[in-house]
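By letter and in written order, the chains are A, B, C and D; residue numbering begins at 1 in each of them.
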């Protein structure tokens, strides 16, 4: 199944819907059941020494699954995060972008589940891993 | 076991160590293996309509467990979040503070586990629930 | 809101629906949005030395939330576990029952979320903590 | 980094240490920071209709991360599961083995984190996803 929205359409939609996207977050690409998003340092999100706070990594993962889901279901759908689990494994490399690879594992009528692996750009080791569930509210 | 730090000592420590504490977050009280922290609306953290973003609730939970742990182990300890799981259950009531009750379930030599229940002030229903694990780095 | 099923009705239902309930698991009581279930040792579930395996604790938590939900929504509903997170904190005391206290935090049309704290009977310290989400399949 | 134990060495070790391995669970292969384990149906683990219980999927994931970690650190290390999160996404295909692919994302001095994706053999869709953290107890 191909995405219903292009990266450009998603970017326009996010400017209204997901204001965090301005603060160094951006969308690289979307594909069938997947997306890649990134966070650039130097935007107040990275702590001294290159450390990224837990909530910032959470925001990146949340944005990533939202973007991957949006691409597949189109801009009209309202979705809310109902569950997230995240493992923080190591510090990111200082000065590099943080890149999140997102795979949608389920795109159901009611629940969407995505898997996220975050790495410093070009590095093999995973900085943090997250799984998020979005719920699609029932239509009235 | 009684806390090693008072609320005032924790507030002073957080002003340096946890800058988010300025943006509407504050510490109500600490006790043996527990703490209460809050987020006041009107600080750019609450979305229109009273909704609070997932990352903001995550920040509140993360701060809460950090404060409860800090109170018990004192200001010298360095700790990092290694794992978090969070369930988002309902929208907070518009205009009310979000209050997080934290219980430390484990305070080990290596791992600290805390349980967090977040509610709109004075409401019975839980807005979000989180569990966080902090790791205490081994001494050299 | 009061439960729709008594402990006796739940026990009869579980004998057919949840066969694990025979292997040392039992239902203590149900109440509004809550339940208490237990695991008795000496049933092959407890490892030598009193240790309980992770999957056994998971089964106890899963059963607990299922029982609490069943009591509230009645025996006709089909539900499936969609998400679980669990923290294992300490070994249970040898020879004692493991008791799980369950609180339903959400009982929605689509999702049910429960919180579980497991302790060796009569002990204060929490052996393991779990949160489970059950999904109620949409009616056709 | 290459594994320190072969599949045959792991099988012998598990026969003593992880008795569930007899009930239809088996180890396919181990590699650097990874493993593949499986559950064969017809062993009392699969429910009527091909459904696999949540605790059984949890056991498969737990075994998988344990095997992958054992291969890397060798048979002397004692480890315990400290945290697990699991998403159940769809029913497995009836009559097929359930295959779990395990990737270790972290192999630290204190914590080991593994990622598990479970599928019916030969199928693309993920039946369940799990992340587990094992703690390596400090040496005395």
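The rule is short, and it goes like this: a residue touches a chain if its C-beta (ideal position, glycine included) is under 8 Å from a C-beta of that chain, and two chains touch if they have at least 3 such contacts.
All values reported here derive from a predicted model rather than from experimental measurement.
Taking the CA centroid of subunit D as reference, the farthest chain centroid is that of B. Here A-C and B-C are compared, and the pair linked by more C-beta contacts is B-C. Per-chain Cα centroids separate subunit A from subunit C by 33 Å.
Between the Cα centres of subunit B and subunit C there is a gap of 27 Å. Residue positions of subunit A touching 2 or more other chains, listed in rising order: 82-83, 85, 87, 89, 133. Taken as a graph of touching chains, this assembly is fully connected, with contact between every pair of chains.
Of all residues in subunit B, only 82-83, 85, 109-111, 133, 135, 138 touch subunit D in the complex they form. Residues 85, 87, 89-90, 105-106, 113, 115, 117, 126, 129, 131, 133 of subunit D are the ones touching subunit A in the complex.
Subunit A contributes residues 20, 53-56, 58-59, 62, 80-89 to its touches with subunit B in the complex.
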